[in-house]
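Presented sequentially are two complexes of chain A, the first with chain B as partner and the second with chain C.
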Partner chain A sequence: MKITELAGRKRKMTGITNILQRVGFSPSGFILLVVLAVLPFIPPFSSEFILRWLIFGAFLAAQAVAFDLTAGYINVVNFGFAAILGLGAYTSAILANTSPYLIVQTGLTPWIGMFIGAIVAGFVGFILGFLTLRLRGLYAAIMAWFVGIAILGLARNLIKLTRGSLGLSPPSLLETSSNRPYFYIILTMMVAIYIICKIVTRSHYGLAFRALGQNIDAARASGINPTKYRVFNFTLSCFCAGLLGGFYAHYFVSLTPQAVMHTSKTVEVLAIAFIGGRGFLWGGILTAFPFVFFIEYLRSALPGLPGLHLVIYGVLMVLVMIYYPKGLAGFVVWAREKIKIYKEEKNGGF
Partner chain B sequence: MAERINSNDKTKTRKPAKKRVFGKLKTRTSAWVVIAVTIGLAIVIGKVGGVAQVVNAVVSGGMWALLAVGLALILGVMNIPNFSHGESFMVGAYVAYFVFSPLYKYNLVSGSKFLFIVGPFIGFIAAALAGFILGIIIERLIFSPLRKRTRERWVMNAFLLTVGISFILTNGTNLVIGPNFRGIPRYWDVAPFSFLGVRLTVDRIVAFTIAVVSIAVLWFFLRRTKTGRAIRAVSQDESGADMVGINIQFIHTLTFGLGTSMASVAGACLLFMFQAYPTVGLKPLYFAWYVVMLVGLGNVSGAIVGGFIVAFLQAGTQQFIGVAWEEVVPTIVMMLVLIVAPSGIFGSEVKGIQEQ
Partner chain C sequence: MIFEAENVVKNFGGLKAVDNISFSVEEGEIFGLIGPNGAGKTTFLNCVAGALKPNEGTVILFGEDVTGLKPEVMCKKGVSRTFQISRPFPRLTVEENVEVGAIFGAPKDHKITAKNRVDEALDFVKFPLSRETPAEHLNAVQLKRLDLARALASSPKLLLLDELAAGLTTGELEEIMDLIKKIRDRGITIIIVEHIMKVIRGVCERIVVIDYGEKIAEGKPDEVMNNPKVIEAYLGEKRISF
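Now for the complex of A and B:
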């Protein structure tokens, strides 16, 4: 409640809307989510082929939410995001390994391995944050990049543990060839990550995050301990990344350092999060799904131009950052306000 | 940060720290320690791996220094942490390749002695010009509009924009030119020199010389010419420089062009080592950032020393720990530096980074 009062937009909330608001959904957002949930049963989307796109979209969307928690709130860009995600994926995959050629042969079930991977990723995030977040944001960004490259190097070189560049082929999460169950798993993970992040950012922590992101000195002067809040934020984001990494490992069942941890993967997530809008969390979700469809369409329509979608990513990101920093979510909020004002005027409110 | 607040209490009238791009180095204890370690490392490498290793490290040190100087200059004057520096390197490599190889083919037919010697230099000059033009285009197209719109959170926004530029350039090159490797075995087809029992190819000697000469020219330009003085003035106090009638826009464009041009020259000179392909810039970018973070953000004079320090650390890693750990050791070194001397071993001189 505190935060709504402070933001000066106290609303009367009743019934189901109230519950939804508490977990961070507007009514229209919730409707979109329900549509997304029933989409795998509607014909064009129910084919396995398009289901894979949907799964990939949800995976990107969840990443964008976790990424936006640091980038949009405390204004620190985690440039090793893909590597942290890969760390979670590799931890889970190594623990699940049963092949006798590698050192570790625990054969742990992916369901537990995913969470261990997430904890490892969170721990690395904590250490990294603890070292760099005492300093200004740029140091954290560059150091995260360095750590990401180091993790990539380790994954490539510890051949006894990771099979190097050949990559691992971890067991799949479910014994089914259908993609539909996986879609619901990743959708649940996406919603869970979103709700956790939203609850955190709605508490007094969120207020502290925003203050730190806007002006760190002013925030410090008003008694906010920057290191504590920023490290907490960073750790949570890395934890979510590790969890998603676990899903990646056991869904795509192939894990190579270059395909998961490369800097360009971070940039893809960054582009989606930023086109979606910084500091809204749901902007990334809104962008990821249309984007995946657009890109897959582009890929099948113009097979002779590899990487065209990446160029479009980059150009869009640069344009959004210069001319419309609020992104898509900012536009939606603006449009909603406009419609509200228009309706009120029409009703003769003022 | 805590130290800073304490020191403020002690000396109430603290003079604002004078920022010098290309000033004298402030040597601190940490700097001396690192330099001593590097010299020790150089001696050990010389003993174990032979003089050749040391000479190679010096040559690559010159290149890292050239790259890092460009990066530090852009960071120091414009407060832009340039992530697309590696792409300037890539552009330089491509331009040198596309200028040099037709010349080389023509030369095989005509057999002109003059063109044989001069050909590579034409490639280098073309690369420098291409880098300069690229820098101007990027500055005018992207940073100039951003600067006019908002200076809020400038460092982070600029950083992310350069990330976007890097992404566009890499993938655009991949799209237009293709992912093929384009390289040359060597620029000059002459037998390698023998120096102190080390075989040195002409290419390496020329690359090192060009690095040294470029840095020296930049030093002369910044210290002795009117425009150079204006650049330093902008780096110290932008609004002050504006007030005395310096054209800020021109200085920014020029600085960015100079920085990218230096990276392009490095890319052209190292074409015999790094073949040209779309993501060739990643490793040079990594090392340039390593140098800049090590010596302190935006410290141009420090970057020169830092280039050699990093080269020797790299050589030491290859010699004693193994090539496989090449990516891990820098991270550990950086962690230590951030714990001991967060603003780099020579100290950071960029006001903007500290303010935001």
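Now for the complex of A and C:
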């Protein structure tokens, strides 16, 4: 009786892990997510001050996932990423505007505006996919960068639409001064983006992305249509960026071209994605949270050095790229493998 | 006639890499393409596989004009190739490498799953290592087998082999020649570009010799190799030694 009961429970357990696995969570990854979800109720994380860090961590983590979809799979570093995120932010903010000084005064609710922003960003991603199609590696990255600079230029100069460098003050998403609801919104976005990207990369699309990223000639000779897969990849990645931009606009309620679209913002995401490990998606999530805490701590401890976090990003990224290109996620996978082998040996010894 | 090339020309700037090459291949034939280094063999193969667009001339496959089609389209039409320098996907496993050909290159068939094709292709080339091995850990010979398995997994009708035997030992040469014949016995027509005469003589029914982009001889391997023009192209005065 007892044995069958136990077996039944075990079967049930494996059923749950199977479902989790299908959407891209290992059991330990899921536990970490649950911990993250209850963190806002545990002091000191429950303070509004630290909640902002958590929100920023989830915001960066979600960006790193979307960024890694392009950089880690088809091997094109989208240097225009921040600008496209900004495009989503601006679209939503402009649509929400009610001020009579600007041309567009639709006053649309941010909940819809965010998705329109994502669609606009996705559309630009679609075009970007075509633009960079014939270019490889570095050249594609430079092209994406130029497109980003062009978008930044537009945001700065279309003053009737964006107030230029003065920036916009879009309405907030929720009528609350508490940060906790925002944390759950961005956490949901992060998980949704992760699951969508994971499902895509688990499918034939993922294989096509990686094949195209590693050897485009052999991929084409094996029947992979580069247009279809690269354009799809860019569209999805930029759509996610646009959605996150919408969150940024209506959470921080302040939007300037410099603060969201600048290349240094892309570099921040790039550093987190690369340190996390290219081609894993979850590496960036694992890196983003400790990083935000570390950087914010540094910022408060050394207020005289404002650009220090970028220097640290740079140094760490160079070290990872040269000495450990698999990044943190690669290390975790390696360690897990080692533990498994060790356990098997131990069991075999009995 | 499964394959015909008519007056194919490919220029790189002022250089005529392929100059007016015509020949045709029968179904089930193993056809050789030889010539000294830089003669334009690989360039010609690229023109056939779609990697390059010929400047002039036509490429006909099963009576259909396929000149200048893209490589991914050519693959779907039944043309697979291996590369002179084996270029698999380094960070994919052996299995995934072959899967790429099976999933994206092979025609849709409900009876045969991609996994069947992968199994079959890897068994066929007698791949020696675990399928979970990342391709970047393979040596040159293993990479060639992998590249061949990838090409076979897309179930081609015409297979283009670019110097498959280069760098192999004598024992491995015998094995690869056997493999090439076995592929043909499955009904796949083969065009091979090769430097090693032993392989050409061992497997090819007919060959074409290219020198400076031009076709200088065509026929059975033994006849062609005694052709004075061919000997001159290779060695100047002497006979070809094997």
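The definition used in the following text is that the second predicted complex is superposed on the first by the 334 of 350 C-alpha atoms of A that agree within 3 Å, B and C clash if a C-alpha of one lies under 4 Å from a C-alpha of the other, contacts with A are read in each partner's own complex, and residues count from 1 in each chain.
As a working rule, a contact is a pair of C-beta atoms (placed from the backbone, for glycine too) under 8 Å apart; a residue touches a chain by one contact, two chains touch by 3 or more.
Just so it is clear, the structure is predicted and the values come from calculations on it, not from any experiment.
Who does A:Ala211 touch here: chain B (first), chain C (second), both, or neither?
Second partner only.
Touching A:Pro306, do we find chain B (first), chain C (second), both, or neither?
first
When the two structures are overlaid on chain A, which partner does A:Ser178 contact: first (chain B), second (chain C), both, or neither?
neither
Applying the document's definition of touch, where does A:Ser254 land relative to chain B and chain C: first, second, both, or neither?
In the superposed model, A:Ser254 contacts neither chain B nor chain C.
Return first, second, both or neither, reflecting whether A:Gly279 touches chain B, chain C, both chains, or no partner chain.
second
By the touch definition at the top of the document, which applies to A:Val147: first (chain B), second (chain C), both, or neither?
A:Val147 contacts chain B only, not chain C.
Under the stated touch criterion, which partner chain does A:Ser99 make contact with: chain B (first), chain C (second), both, or neither?
neither
Give the label of whichever partner, chain B or chain C, reaches more residues of chain A.
More residues of chain A are touched by B.
Which partner does A:Gly137 contact after superposing on A: first (chain B), second (chain C), both, neither?
first
Do any residues of chain A touch both chain B and chain C, and if so, which are they?
none
For chain A, which residues count as touching chain C in their complex?
204, 207-208, 210-211, 214-215, 217-226, 279
Taking the touch rule as given, give the residues of chain A at its contact with chain B in the complex, in rising order.
75, 77, 131-132, 134-139, 141-143, 145-147, 149-150, 152-154, 156-157, 216, 263-264, 267, 270-271, 274, 305-308, 310-311, 313-315, 317-318, 321-323, 325
Note which residues of chain B are touching chain A in the complex, please.
These residues of chain B touch chain A: 1, 81, 142, 145-146, 149-150, 153, 155-157, 159-161, 163-165, 167-168, 170-172, 174-175, 282, 286, 289-290, 293, 297, 324-328, 330-332, 334-335, 338-339, 342, 353-354, 356.
Residue numbers of chain C touching chain A in their complex, please.
Against chain A, the touching part of chain C is residues 49-51, 70-72, 75-76, 80-81, 83, 87-92, 96, 99-101, 103-106, 147, 150-151, 154.
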